[in-house]
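Across the two complexes that follow, chain A remains constant while its partner is chain B and subsequently chain C.
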Partner chain A sequence: MSRLWHWSRRCSRIFTRPNSSLASQLNSVTDADVLHFSKILSSPSSVLSILPSISTSPEELDIYNNDWMGKYFGKSTTVLKPKTTEEVSQIVKWCNDKRIGIVPQGGNTGLVGGSVPLRDEVILSLSNMTQVRSFDPISGILVTDAGCILQSLTDYVAPHNHIMPLDLGAKGSCQIGGNVSTNAGGLRLLRYGSLHGSVLGLEVVLPDGSILDQLTTLRKDNTGYDLKQLFIGAEGTLGIITGVSILTPPAPQASNNVILALPRFENVLPLYKTVKRQLSEILSAFEFIDRTAYDLAVKHGQGRALSEEEVEGAECFVLVETSGGRREHDEEKLNDLLESLLEAEEPLINTGVLAQNPAQFSSLWALREGVTEAVSKEGKAYKYDISVPLSTFKECVDLTRERLRSKGLLNGDQVKAVIGYGHVGDGNLHLNVIAKAYTPEIQDALEPFVFELVASHRGSVSAEHGIGAMKTHALHYSKDETSIAWMKKIKAIFDPNGIMNPGKVLE
Partner chain B sequence: MSRLWHWSRRCSRIFTRPNSSLASQLNSVTDADVLHFSKILSSPSSVLSILPSISTSPEELDIYNNDWMGKYFGKSTTVLKPKTTEEVSQIVKWCNDKRIGIVPQGGNTGLVGGSVPLRDEVILSLSNMTQVRSFDPISGILVTDAGCILQSLTDYVAPHNHIMPLDLGAKGSCQIGGNVSTNAGGLRLLRYGSLHGSVLGLEVVLPDGSILDQLTTLRKDNTGYDLKQLFIGAEGTLGIITGVSILTPPAPQASNNVILALPRFENVLPLYKTVKRQLSEILSAFEFIDRTAYDLAVKHGQGRALSEEEVEGAECFVLVETSGGRREHDEEKLNDLLESLLEAEEPLINTGVLAQNPAQFSSLWALREGVTEAVSKEGKAYKYDISVPLSTFKECVDLTRERLRSKGLLNGDQVKAVIGYGHVGDGNLHLNVIAKAYTPEIQDALEPFVFELVASHRGSVSAEHGIGAMKTHALHYSKDETSIAWMKKIKAIFDPNGIMNPGKVLE
Partner chain C sequence: MRPSTTRLLNILVPVKRAVDYAVKIRVNPQQTGVDLNVKHSMNPFDEIAIEEAVRIRERLPKGSEPVTITALTIGPPKSVETLRTALAMGADAAFHVELPETAPAPEPLGVAKAVQAIIEKQQNSVDMVILGKQSIDDDLGQTGQMLAGLLDWGQATYASKVDLDLDQKNAVITREIDGGLEQVCVKFPLIVTTDLRLNEPRYASLPNIMKAKKKPVTKLTPADLGVSFKPQMEVIKVTEPPKRVGGTKVESVDELVEKLKAAGFTAVS
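Take a look at the complex of A and B:
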């Protein structure tokens, strides 16, 4: 509670508005409701509630009420864990009739406070829906319950020589239903595209309890509006995804990587062009880290540090990964690339370090992936997950730094560092401001400054994490009035009573 | 007129229902409307109308009123060819106020009668909106007016070493706005995925004349519902697409192909698996032709016939195409594949013919692509463009043949041949019944038989061509009641007056 209070004072815009409108419309769960839920659900352990008829201890509900970052804390009294779509449907129907808010919850790894209640909504956890429904090893099409954990699906298709079309740090906990609901991006997007392309079908329980069955296993189906697309990235505000049909690509036979040190940021783009042309279909990642981010990763022991000689004069670094069907071919392409880069008359890079074995491969990736952890070790981070044109990556970092400097905040006592890293291939920049502590001054210096900067480039204030509860007030920086008005109309026809994940995405 | 009559007698369900409901709601264009349109449009040549104030000759309107197949003929009096989004917006606003139906028209190459009026709606042709708005050679993101012809965009990005993510036989006439509106599939889908993944943004004039600007150039943008997805494949029934932002992939440096003769259909699937594994990321097409289709292509001089020895004992053929970054590597992979196929203990193929040069490459493709033309030379075709599980391709063809035989129709005088060909990789089968003439007996033997067959496999009655005016009555074979009801709700909120492409997609 005190945590919520503390946070909400700082970000009053985020919490007060949805709360006030909700309060008047939605009802709290009663003991009678809980008794009814117990009848719907086949197993007694599927209902957790602190209300008398069940009397779960409040602590048991904490992991459901509290989000991954420990920033948002809901006050739900009741968590339901249905095992079938039919059970989900009956719960939702009841809640709709009784005007009880529902928060769909997957692995609860979301980073924008979307997966926990703002007040005392029921939490509907998908974690008991974990059946693979079918897999066709020829087409690679997987049909599965929404509650399957991403890692377990990866393991499931591996023996058939397939991989999931997405991969992300939270794979051991996040669920495929949560991935689809957040339209998760992650590390494979450059190669396998977005979930809007690879999700072939969905089964969704709509806010009135009816079941929308679009769980096809067809790669091509042009029979009317593609309604399932609306639920991809809707963060549980339009319905509950219970089943997912998804295209899994064949596993690459070989992977390799190289880290390149660049004298100037300006070289990143021509380098990207060259690498794309030479590596073509085997290029699977092109990740950018600025010097500050690199130094931080090294300082906190993330991955394999390059030698002093190798980093000398480097303004930034690029990690290039290849995934292909034949190791010799891929290595030849990568070697030729490095040779041509180093032998160029005006070289784009200072130096390049090629992984020689799986251990080196992992430690180069650890340099890039370790930035997140290094940031959290270094201090309190203001994280902006934005999409801007590739050419403005550096400008965004520099202007933010300048802004903090001009406010007198860029000193060891307040802000320690401003760093930029991210997926160049996707135009996705992670702009992180690392402070000693979260303070209103820093917050005010950064917002709406960063959002306005993003808007000036017609960028996105949320490239992959979504809006959740955290960014509802910033939505208008990336979507114009007409778009927001249409989102509201869509929300209103699917969920006229506003029971589905209230206060998220739309204020 | 007589043509429409003739057709509508046979397919009364298609025409009568929408007509009757339309008749009561929508108004015909008056001369006053035409005068108003002339004021909106900057150039006089942008208005064609047989009404007095313009007096275009009726013949000039024929190409707009008549569809590509010559099957559908509208009675529009007026064609408008705006040059800007603003002009489109003003036209639509006027039509909405006056309850005048609008048919958006691109290249008019659609194959389901979607692009021509059912009655006398205004035709809004996008053919004057042909500006490329921007192209970023680094990200490959192209932003363009909707009226640009696919081939001209292909030519536009070629010098930058990029290609369009889709390719189809109609590329010389069809427009990118039409492609998006039909969610066109075509020859590159296996490799580059569907337009739901590669279209990044759209600008759409909604039925009330307002402009929905979601023309972003971001690969990642998770800020609320992805509304643009609704317009991809909506066939002009929800609004008019005026601008498209699309991701264009780097051009492959080398392409190759091989045709494989198979003793049994049953081998197609294991073959597909083997080929996918060995060619991995360079596999760009895997096309299936049954023996009857092959013989027909050869009979009508399409492509290069194989030798007698090569086709002996072949029940069907597969065309495999590779596209990759380096010729030597691709050739090596393809050669190794062929060797391992031919040397297997129980070979999946009888023989394989590899293209040795660009001319042979084209003539192997011509064998596959020429089937369509051969069919039209051979007789009148009943064409079913369906998605079914790969394993049922042959069954679908065999059962259809059996059905016609059991009705006594499979003889030279009525049905000449039943053939199957298509995109194995996409699960898309073209089932064609070639008759001497279109007759009610054949039609009745085929429908709803084929649709029911498709439905029994949870397939799609329209894999890539859409619903248009032709298949509104068959929609329910691929979409359940809930889905259709939701489509209707979506239609109703976007287009409450039903002015946008009336009678298409939904009855």
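Take a look at the complex of A and C:
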């Protein structure tokens, strides 16, 4: 018994070796491999390779090798676009036998370099797997291939009066498989929860090529370990999601929104409490933007600005959205809330505006959603997507600003602005530092400062963007040694050869 | 010289509750019209009309003649929401000519006669009527012109700029016409219809929404005004345009030629 224990401990030590050393043992794709892939894949257009037997022009591979921000550049020679789970399985089995690294790729819309190769791994694009397998209009359960684009699924369920439980800026390009793999958050999380709840089943091709069929449509299923949860947010390091079964909620019949101007940040929390209590089930978003972020959004033409008297004396703004089944009911609730906010003896808000029609509804949302775009127009952004306690949102922004000031960097020539915005309802703050250019001085002032700040609040260094290639070194600020060690063990069990998305998530 | 007896500048703005422009409209199964069980809001051109009235007031220097803005709507009970929006944007009072839920949509002539009756009820104190150039649901675009005819007032349609001269009691209006801009000067009282570029309507602020709840809305019936909204037109049938047929992909030129031939296309010699 004790010998066995020793043995397993030795093994686990071997298994928990850093991935990077495993990655260095991986092989490049050869022309023989490409010929074999061509045999596996039914359609000739499913294999793109710059190797001699296919001779695709290298430019054609750029969109697969590079991320959309132009920050990460892979050197893959070969892109495979299988059409069926069986094809995926055969590719993976071959790669496992030949020790070839694989990068699973969906819409390639990530922000942390998780979907592009670090070296010359083969890219397995799911974009040819676009069939909806089934939809039950009564339960709202949708079963679909991983390569379906989020927007097309939204359109698919819309005539049945359902919506997807997630919505995000990249909806026109991102794929459901990628959404699940990265556990994407987005704008509907407050209302419909995370994908850990709404995903009911998954079909996954494991690193040895076997197919894990957990594509069930059961709301309740307490039969042993819930393995599918491991793949939600694993960023393709444990296997390739090829099919998703997901619960879609009924579409709200009415939506409304309002932007409230607050004199002090301290009022955000009591306001959140009041709004939650009074709106209860119709509250669907509670978003926060600080004054600097608001001014930036207005400066860069994101949505129609509020009038000057309305923004006067406001330190921050909150956008509240309601969605419900009956407009009259929702409006009455919202009106009662607004009345009580305005008539309170010590009002939490200065004033606000209520959308009167869908055009204004979009315009108010644009003020919040447009911050991202405004930031990129203003300068080069250091983006921190962090989860911290709500009460520390302002402190995090202020301390970061103070830090840059003390280093003499907070001047128009280096750092232009430090802003905070994000999903109050989810405890997710987007802390952005806008600089004139990316420089080592700013980088050193911010890191590990921000990560340590997050760690001091027991927060998360990546709330919804993931770890990818960008934050592997920062994982330890949010996860202790034991957690990381167990993650590595799990990785080693599923993928002993380290072929799945090497260099991502775990160092 | 300014007139010594200060008299209110009275602006009347008729507004309509219409299917919101962002809604994807669908023909109802009876083919008598579109499905009305969808989001409604104020006709966008009418919103511009209210906004312009409020801006006229805001543009006047402090201490000049006070401006009163009265909104007016004709429609089912729910139309009162549209009036509340107008009041929240800055109108002072409103009239609601209430029609039953099932009543057919009023036509421009009926609406123009009703507006005329309201102006007469106000002892002809109205100086200016600002209307949307058209309503986006029926796109008839006639009410303003008909009203000008009935009242025998001057009119400036499709306005993109409005300048008032209160001393001279006239308005210089810039109109968007084919090939350029036209400026016309019209004496009070007058009719203005709004074009899209006249202004960008404001958000309704919360304090103003609350105040709007306390502003007076006078209910009237068609009988009170002595007008009838009986339609003069009969809708025979409403249908959707034919669905666009999607394309198909072909594998080769030969297949393309074959398909073109099958579809009845022939080569031009």
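The rule we apply is simple: the second predicted complex is superposed on the first by the 484 of 507 C-alpha atoms of A that agree within 3 Å, B and C clash if a C-alpha of one lies under 4 Å from a C-alpha of the other, contacts with A are read in each partner's own complex, and residues count from 1 in each chain.
What we mean here is this: contacts are C-beta pairs under 8 Å (C-beta built on N, C-alpha and C of every residue); 3 or more make two chains touch, one makes a residue touch a chain.
Note that the coordinates shown come from a computational prediction; the quantities given were computed from them, not determined experimentally.
Trainee: When the two structures are overlaid on chain A, which partner does A:358 contact: first (chain B), second (chain C), both, or neither?
Mentor: It touches chain C, and chain B stays clear.
Trainee: With both complexes overlaid on chain A, does A:333 touch chain B (first), chain C (second), both or neither?
Mentor: In the superposition, A:333 touches chain B alone.
Trainee: Classify the contacts of A:79 with the two partner chains as first (chain B alone), second (chain C alone), both, or neither.
Mentor: A:79: touches no partner chain.
Trainee: Check the residue A:431 against both partner chains and state whether it touches chain B (first), chain C (second), both, or neither.
Mentor: Touch partners of A:431: none, neither chain B nor chain C.
Trainee: Once the shared chain is lined up, is A:446 touching chain B (first), chain C (second), both, or neither of them?
Mentor: In the superposed model, A:446 contacts neither chain B nor chain C.
Trainee: Could you let me know whether more residues of chain A are touched by chain B or by chain C?
Mentor: Larger number of chain A residues touched: B.
Trainee: Can you name the residues of chain B that touch chain A in the complex?
Mentor: 136-139, 161, 182-183, 185, 189, 193-194, 196-198, 210-214, 216-227, 229-230, 232-234, 238, 250, 252-253, 269, 272-273, 276-282, 323-326, 329, 332-333, 387, 389-391, 423, 425-428, 458-467, 471, 475, 478-480, 482-484, 486-487, 489-491, 493, 505-506
Trainee: Going by the contact rule set out above, which residues of chain C touch chain A in the complex?
Mentor: Chain C reaches chain A through residues 20-23, 39, 41-42, 44, 47, 85, 88, 200, 202-207, 209-210.
Trainee: Looking at the complex, which residues from chain A come into contact with chain C?
Mentor: Counting only chain A, the residues touching chain C are 254, 258, 260, 304, 306-307, 310, 327, 335, 338-339, 341-342, 349, 351-360, 362, 364.
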